[in-house]
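What follows are several structures.
There are two complexes below, and they share chain A, which is joined by chain B in the first and by chain C in the second.
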Partner chain A sequence: MEALKEALMGALENHVAFTIPVLGGIPVADAVVVTWIVMAVWMILALALTRRLSVRSPGRVQTALEAAVAFLNGFARDTIGPHWRSFAPYLGTVALYIGLSNLIGIFGLTPPTKDISVTAALAVMSLVLIYGAQFRYNGLLGGLKKFAEPMPLLLPINLMEVAIRPMALCMRLFGNIVGAFIIMELIKFLVPAVVPAVLSIYFDLFDGLIQMAVFVFLTALFTGEGIKDAA
Partner chain B sequence: MLDFQLSTIVFTIVNLLVLYGFLRKFLFGRVNAVLEQREKLIREQVESAEAGQARARELQSQYEQKLSGAQAEAEKILADARTQAQKAYDDQIAQAQEASRRIRAEAEARIAAKEQEMLRGVRQEVAQLAVLAASQVAGKNLDRETDRAMVEEFLSEAGDRA
Partner chain C sequence: MTVGMIAAGLAVMTGIGAGIGIGIATGKASEAIARQPEAAGKINSTLLLGCALAEGTAIFGFITALIMIFMG
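== the complex of A and B ==
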């Protein structure tokens, strides 16, 4: 039992892959290296899939790609409102990044989303996006007024939300991925064969995609809340 | 486990921004461009199809108008031709009737003249015969002018009576 505990704690540590020897050494975590792999995969796929796009006779791959992008656009339009156009690509990027990050455990790599610093960074980006949009499309005064809606009584709660929303986004993603990771480690310790593979479909695939959807959906929802009725 | 590492946060934000920029340009940008172009293409085609349909409808009504005009004209031409033909026929018939009437009148006149001539000849002959017979009866020559005139007078009286 002690061995399991030690192994688990070891697996939960965020390893530093290497250190850049400038400014007293900048540590580069495993999560960052895996993120680079994820980025490389998406970049290569994006370039490969968007070669030879045709307006008149789309192939099967292009049709699927267009359907996916159209779905993303529709989702952004429904959730964010009239200013959706500049947000859809970011939401899509985050969805692709979190999605592959959550699933990459299947290929034996450490999911970057298991590192709380990564989910924190994602949450910071969402924070900037949500409140940046609120001020960008309502103006300084209108953006401030948004904090007193739907009634001035809620002002303190709305202000607290500025911190709570990203914190919740960060912890939810991190907690789910770590939770799934711990459960999978325990199952692998108890039953080394067959059962982990079956349960992995739920904990790695399903939960990973659900958390991706939740993160993107909440970010879009919060953004839309601030700017949906902005001119 | 719960240690926030500033370098990882910064790296992740930079990574996300790079990935966002890349995917926006090469994935979403390209696909959205295709979607927009297709939308534009479809809109243009629908518009041109509608314009073509309207044009076709207009042409059809024009043709129909022209066609009905042509029909009326044809009917008019036909009627004109019919009246003209009727007139020409009537003229011909009238001319023919006129000609036949004239010929008949001439023939009748000629026949009447011939009859008169014949009658006169017969009368002369009869007068001669009568004179001859009378001279035979009288046993003398009735060659004299007075006798002949007398017979002639008698004959014309008789002829008038007859």
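== the complex of A and C ==
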């Protein structure tokens, strides 16, 4: 039992990959390095897959990409409403990042979303997006008035939501990834062969993709809530 | 140590509520899709949202348990 706890503690810690030797040493966590890898993968894919695009004779890759972008745009239009256009690229980027971050455990790297700082940063970005959009499309007064909807009695609850929404987004993503990680470690401790591989399909692949969808969906929904009926 | 372990076990009991909630939601969603298959897309997205929110309670309990075990 103690050995298992030690092993779990070691696996749950966020290791420092290396230290930049300026200003007394800036620690760079594993999550940051893996994030760079994720960024590099998506940038190279984006550059490689969008070469030789053509209107008259689209290739197989181009058709698939167009279908994906059309799906993303349709999703944004359905959940955000008339002002969907400027939000679709951000939602797509976050989806790609979280998706690959959750799946990268399969390739033996630590998923960045296992670090609570990463999910907290994502949640703060969502917070800025949600309330930034609310004030951007309703104006200062209209944005403030949104807090008193559907009736002024609910004002304290709406103000509490400002803190609760990002907190819940952050904890949901972090808790799911860490939970799946711990369960996988426990199974590996009990049965080191075959069984972990089968269950990893559920805990790494399926759960990771579901959490990506949930995070993006909730961000889009909260954003749409604030600006759906704005002019 | 032992009291902390018991507390962690109690905290993780939130999973029961989330399980019941998600179960009811999924059952109702299946019924709704069986009744109106053409509305499956909208029902699915509502179900996903409801499940995510119901699951949140389980996650909070789980994180509380983790904090108790590893930091308490």
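Here is the rule we use: the second predicted complex is superposed on the first by the 231 of 231 C-alpha atoms of A that agree within 3 Å, B and C clash if a C-alpha of one lies under 4 Å from a C-alpha of the other, contacts with A are read in each partner's own complex, and residues count from 1 in each chain.
The definition used in the following text is that contacts are C-beta pairs under 8 Å (C-beta built on N, C-alpha and C of every residue); 3 or more make two chains touch, one makes a residue touch a chain.
The structure displayed is predicted, hence computed values, not measured ones.
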Clash or fit (per the criteria above) of chain B with chain C on chain A: fit
Partner chain(s) touched by A:P89 [first = chain B, second = chain C, both, neither]: first
Contacts of A:L109 with chain B and chain C, given as first, second, both or neither: neither
Contacts of A:A168 with chain B and chain C, given as first, second, both or neither: second
First, second, both or neither for A:I37, with chain B first and chain C second: neither
Cα-centre angle that chain B and chain C span when viewed from chain A, reported as a multiple of 10 degrees: 110
First, second, both or neither for A:F217, with chain B first and chain C second: second
Chain B or chain C, by number of chain A residues touched: B
Partner chain(s) touched by A:V178 [first = chain B, second = chain C, both, neither]: both
First (chain B), second (chain C), both or neither touched by A:L12: both
Which superposed partner A:L205 touches (first chain B, second chain C, both, neither): neither
Distance of closest approach, chain C and chain B, by C-alpha atoms in Å: 8
Interface residues of chain A shared between complexes with chain B and chain C: 9, 12, 178
List of chain B residues in touch with chain A within their complex: 1-13, 15-16, 18-20, 22-24, 26-32, 34-35, 37-38, 41
Chain A - residues contacting chain C, complex: 9, 12, 79, 168, 171-172, 174-176, 178-179, 213-214, 217-218, 221
Contact footprint of chain A on chain C as seen in their complex: 45, 48-49, 52, 55-56, 59-60, 62-63, 66, 70
Contact set on chain A toward chain B in their complex: 9, 12-14, 26-29, 31-32, 35-36, 39, 42-43, 46-47, 49-50, 53-56, 58, 62, 65-66, 69-70, 72-73, 88-90, 92-94, 96-97, 112, 115-118, 120-122, 124-125, 178
